[in-house]
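Here chain A shows up in two complexes: once beside chain B, once beside chain C.
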Partner chain A sequence: MTLTSLVFALFCVIALIIYFIVPKKFQWIVLLISSLIFLFYGNFHISTIIQALVVLLPTYFLGKEIEKIFNTKKSRNLLIIGIAIILAQLIYLKYINLFVATANHICNLFKIQYQFEFIYRNSLIGISYYSLIMISYLVDIYRGTCKSEKNIFKFALFMSYFPILTSGPFVRYGNIKEDLYGEHKLNYKNLCYGLVRVFWGLFKILVISQRIGMFVDTIYGDLNTYTFIFIIMAVLLFPLQLYTNFSGSIDVIIGISEIIGIKLPENFTLPFFSRTLTEFWRNWHITLGAWLRDYIFYPLLKSNAMQKLNKKSKEIFGKKIGKKIPLYLSMLVMWTLIGIWHGGAYTYIIGSGLLQFVIMFFEDILGPISKKINNKLGIDTEVFSYKLYQVIRTYLLFAFTMIFFRATSVSNAIDIIKHLFTNIQSLFNLNLMFNLINNIGLDIFDAGMLIISLLVLFIVQLLQRKGNIRDKLFKQNIVFRWGVIYTLIFAVIIFGCYGVGYDPAAFIYRQF
Partner chain B sequence: MEKEEIYERLNKVFRDIFDDESIVVKPETTSSDIEDWDSLEHINLVVAVEQEFGMKFNMNEVTTMKNVGEMVDIIMSRI
Partner chain C sequence: MKKKIIKVIIFLLIFGILLHYVMKILWYPPTAVSYFYKEPKNSLDVVYIGSSNAFIHFNSVLAYNLYGYTTGFLSADTQPISLAKNLIKESEKYQNPSVYIIDLATSTEDLKLDIDNGIRKTVDSMKFSKNRIEAINESLKYIKDIDKKDYIGYYFSFLMYHNRWRHISPLNFTGNTSLYKGYQFAESTTKVVPQNPFNWLDEKSELPQENTQVLKELIDYIKANNLNVIFVVPIRYFEPEYNRKLNKVIEIIQKNNINVLNFNTLEDFNEIDFSKDYYNSAHLNVYGATKYTLYLSRYIKEHYDIINHKEDENYKSWNSEYERFKAKYKEITKQDFNEFLMSLKNRY
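Showing the complex of A and B:
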């Protein structure tokens, strides 16, 4: 059941109607049943039930136990057991092929004939999301940030709350429990705000992302025919495809929750206006960043081993450089993990992990140097033109890293990079150019629609920078307000890509 | 230990970590008041404060402290 399917829309409408007509104290039970239907939809087997229970039961019981013996050595041991169980299942179901691929590479390297076979397991939807959410639940109880949930069915709802199973965001038990189990009345403002958010998300996915996808897939599918300018265009457009797909999904998820009365954390705040990649990642997949910061990065930096390294490196390299070494090492660990989380393949580890680290490493080193040079030359870095240069530079760097993220393999990514600047002379072969333009996966209507919808996205984001756009919209008079809302709804229905070449199942972030 | 003394010693730690002799911390000082106080420098600061006062913050406190005032309250409760 994908977010843009008719089945999902019907499912949500029915679930919401029942949610608001049952007595309020039973509302959370409606959410639980809906979530379980969603979780096991088309995937109801003994194996998937066991998968869910393997995480649910230990986390639930260990959470209660850790709370009971709070602040003891035994509570630490129980925490480690809990995390190990959750991670073992996650690695087994999602990342085992990374080990298989590595083993095969090593066999090739040593000219051993044997090749291990890839293992494909049928895993539950949202396993990468709920596994990390369950880990944060246990750690939060261990740290005393929140109390454990005593009702196992309520706990099951926390683990399986259906909107976030598709693409996040990562929630914390302490922040969501009151909304999740609370009693909610259908509120006109929440309904309107939520619906606008849902349709804005659908607009991003169906009108923009799917269209870019048709173009990018065509170009990446035939690197020998489409050269130079087409490949550059595909590389430049892919970050927008990813962004509109992922942030659109988050809009739908937050919108549905808003209608219910559940406030979810934001996952994006206009990343493409960022002046550095470091800033970009503060605005992109925010809840994953916060999760890694609180549960990996800080504990790692604060660990005795890192503190010892800190002391040693300060002695050797001096205070300024010395303190950076444990920092960079922790960043390297964190970015490798972000890469692995995105998928059990080297393309993800390089694209969304190591390359990000390398660029941020250089940003950190070169930042002060460039500041000094700018000061000496009297260059004003706060003027529009300089900011624009930084924003474009950040976009180009991110687009480059995404070549690996999008590629089918590392060699495919290198192939794309090689093709970026080859066959430049083809630009002057007008017949060939016309022929290729006619076969880019988009007809003139789609291409025009894509340009217009990207302009709409850009204008909306400019307005969003100046404050909450929905607040502004709902302050307008009734004709204008509903005019905009109906235009949005009809734009999704009429201009959404539902046709040939559109695969509703192909959600980029859903696979993680 | 008096609050004034804690602030005095904290000032020393902040100036040392952020290499800025002009820093004067107040209860309402937050990360947005000091240019280099980002999430990366935050941990170095926390560890330096721990060493200065011979106490430990737990991870919950490290991630939820909102200003210097809260930091001082935790320090006072531990020493």
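Showing the complex of A and C:
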């Protein structure tokens, strides 16, 4: 059941109707039943039930136990057991093939004639999301920042709340429990705001992302035919495809929750206006970044081992450089984990992990130097042109890292990079150019529609920088307001890439 | 709260109206089936069901001009026989025809395949109703090779057609001017090979189990509802295997005392000129269609009790459509249609 499917739309409508019809004290039960239907839709099998229970039961009981023996050594041990169980299942179901691929590489390296077979397991939707959410639940109880849930069914709802199973965002138990189990009545404002957000998300996914995908897939699928300018365009467009797909999904998820009355955290705040990659990642997949910061980065930085390293490195390299070493090491661990989380393949580890770390590392090192140079040369860094340069530079760097993210393998990524600047002379072969343009997966109408929709996205984002665009819209008079909403809905219905002839929207992030 | 509920209702109402018109514009230009729905309730005397042979071979405005009865089409390209029963049901909802004509050209086709999207081409033109869903279910139950994700597109046709915004033509706004009350004017000529005669074989071969089942259900429905039905086999070349199976179909129908006209074997229908009367190998052009219509329309008049509406003011649109057809004929052939008609009428 994908977010853009008619089945999902019907499912949500029915679930919402029942939710608001039943007595308020039963509303959370409706959400639980809906979430279980969604979780097991087309995947109801003894193995998937076991998968769910393997995480649900230990987390639930250990959470209660950790709370009972709060602040003891035993509670720490229980926490480690809980995390180990969750991670063991996650690694077994999602990342086992990373180990298989590594083992095979090692065998090849040492010319050992043995290849391990890849293991494919049927895993539940959203396993990468609910696993981390469950870990944060245990850690929060251990730290005493939230209380455990006593009702196992309510806890099951927290684990399986259906909208976030598809693409996040990561939620914390302490922040969501009031909304999740609370009583809600259908609120006109929530309904209007939620629906607009849902359709804006669908616009991003179906009108923009899917259309860019048709182009990018064609180019990436045939590197020998398409060279130079086409590959550069595909590389430059892919971040937009990824962004509109992922942030569009989040819009749909937050919109649905808004109708119910559940406030979810934002996951994107205009990342493409960022001036550095560090700033970019503060605006991109915000809840994942926050999760890793709170549960990996800071605990690691504050760990005994890192404190010792801090002391040692200060002794060797001096205070200024020495204090940075544990920081960079913690960052390296965190970004490697971000890469792994995105998928059990080296392309993800390099693309969304290590390369991000390397660029941020240099940003941190070169930042002060660049500042000094700018000061010496009298370059104003707060003028529009300089900001634009920084924004473009950040986009280009991110687009480059995403070559690995999009590639099918590391060697494929290297191949793409090689092709970026080869066959430049093809640009002057007009016949070849026309032939290629005719086969790029988009016709003139699609290309036109893509340009218009990107322009709309850009204008909306500019407006969003100045405040909540929905607040502004709902202050307008009814003719304008409804006109905008009808235009949005019909843009999705008419210009969306869905239905027969299109692949159902393949969510780039859904595999996680 | 009351005010807000009213607002929501008005919003949804406007949305529904807009959606209806947007989808109407985005859909293919009107088909023969669209014209069926345009006719006033209980105004059609004959309803023709089946593949494109129906609305390309039978000139309904000519039949009206000759005998004053009206014919509507619930026909579409490569329409499978599995839809016929539900199309009769659809017809009964809006009309009370004296006779049904059912084209058998596709009755032997493999029901496990939706050949050339014949199911879609028919059901997409049908109005949304329980019967439409039933028609889709009835025909899809035999289909084996459609991707499951495409099934939903049969029920909600906008999933298919929303993407036609790039192909919108003036026809989407003005209607299909090459249709005359559903009859499709086929103007060009193809020499048909093999030449006359088509050497109709007399042997029979067994039908696939699904086709036999569908035919049985159709016959049972016709008999249970006491309907007047003429099954027709169009005059065209059929592969020997199809020919043999068609003989089996004819045998089954005749055993049930239902009328079958096989135009390939009718002794008194021998005027088709195989070098001039075909639009392509499977369809007659306007000349062939005129000859076919003259024969079949007279047959209907002679064998069924049908009212002549020619003097009825309510039916004057049929006269104007006939005039439009004649004008088109003259524009294409540079000849007067009446002259062509007179040259044939003596023979029929």
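Going forward, the second predicted complex is superposed on the first by the 508 of 512 C-alpha atoms of A that agree within 3 Å, B and C clash if a C-alpha of one lies under 4 Å from a C-alpha of the other, contacts with A are read in each partner's own complex, and residues count from 1 in each chain.
As a convention for this text, contacts are C-beta pairs under 8 Å (C-beta built on N, C-alpha and C of every residue); 3 or more make two chains touch, one makes a residue touch a chain.
Everything numeric in this text was worked out from a predicted model, so none of it was measured.
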Overlay on chain A: chain C relative to chain B, clash or fit: fit
Touched partner set for A:G144, first chain B, second chain C, both or neither: first
Touching partner for A:F44 - first (chain B), second (chain C), both, neither: neither
Partner chain(s) touched by A:Y486 [first = chain B, second = chain C, both, neither]: second
Contacts of A:L6 with chain B and chain C, given as first, second, both or neither: second
Which superposed partner A:D443 touches (first chain B, second chain C, both, neither): second
Chain B versus chain C as contact partner of A:F317, first or second or both or neither: neither
Following superposition on chain A: angle at chain A, chain B versus chain C, Cα, nearest 10°: 160
Of chain C and chain B, partner touching more chain A residues: C
Partner chain(s) touched by A:K302 [first = chain B, second = chain C, both, neither]: first
Closest Cα approach, chain C to chain B, once both complexes are overlaid on chain A (Å): 40
Chain A to chain C touching residues, read off their complex: 6-7, 188, 191, 443, 445-446, 482, 486, 489-490, 493-502, 504
Chain A contact footprint on chain C (complex, rising order): 4, 8, 11, 14-15, 18-19, 22, 26, 149-150, 152-153, 156, 158-160, 162-163, 165-166
Contact set on chain B toward chain A in their complex: 19, 39-40, 42-44, 46-47, 58-60, 62-64
Interfacial residue positions of chain A with respect to chain B in the complex: 139-140, 143-145, 293-294, 297-299, 301-302, 307, 310, 320, 323, 327
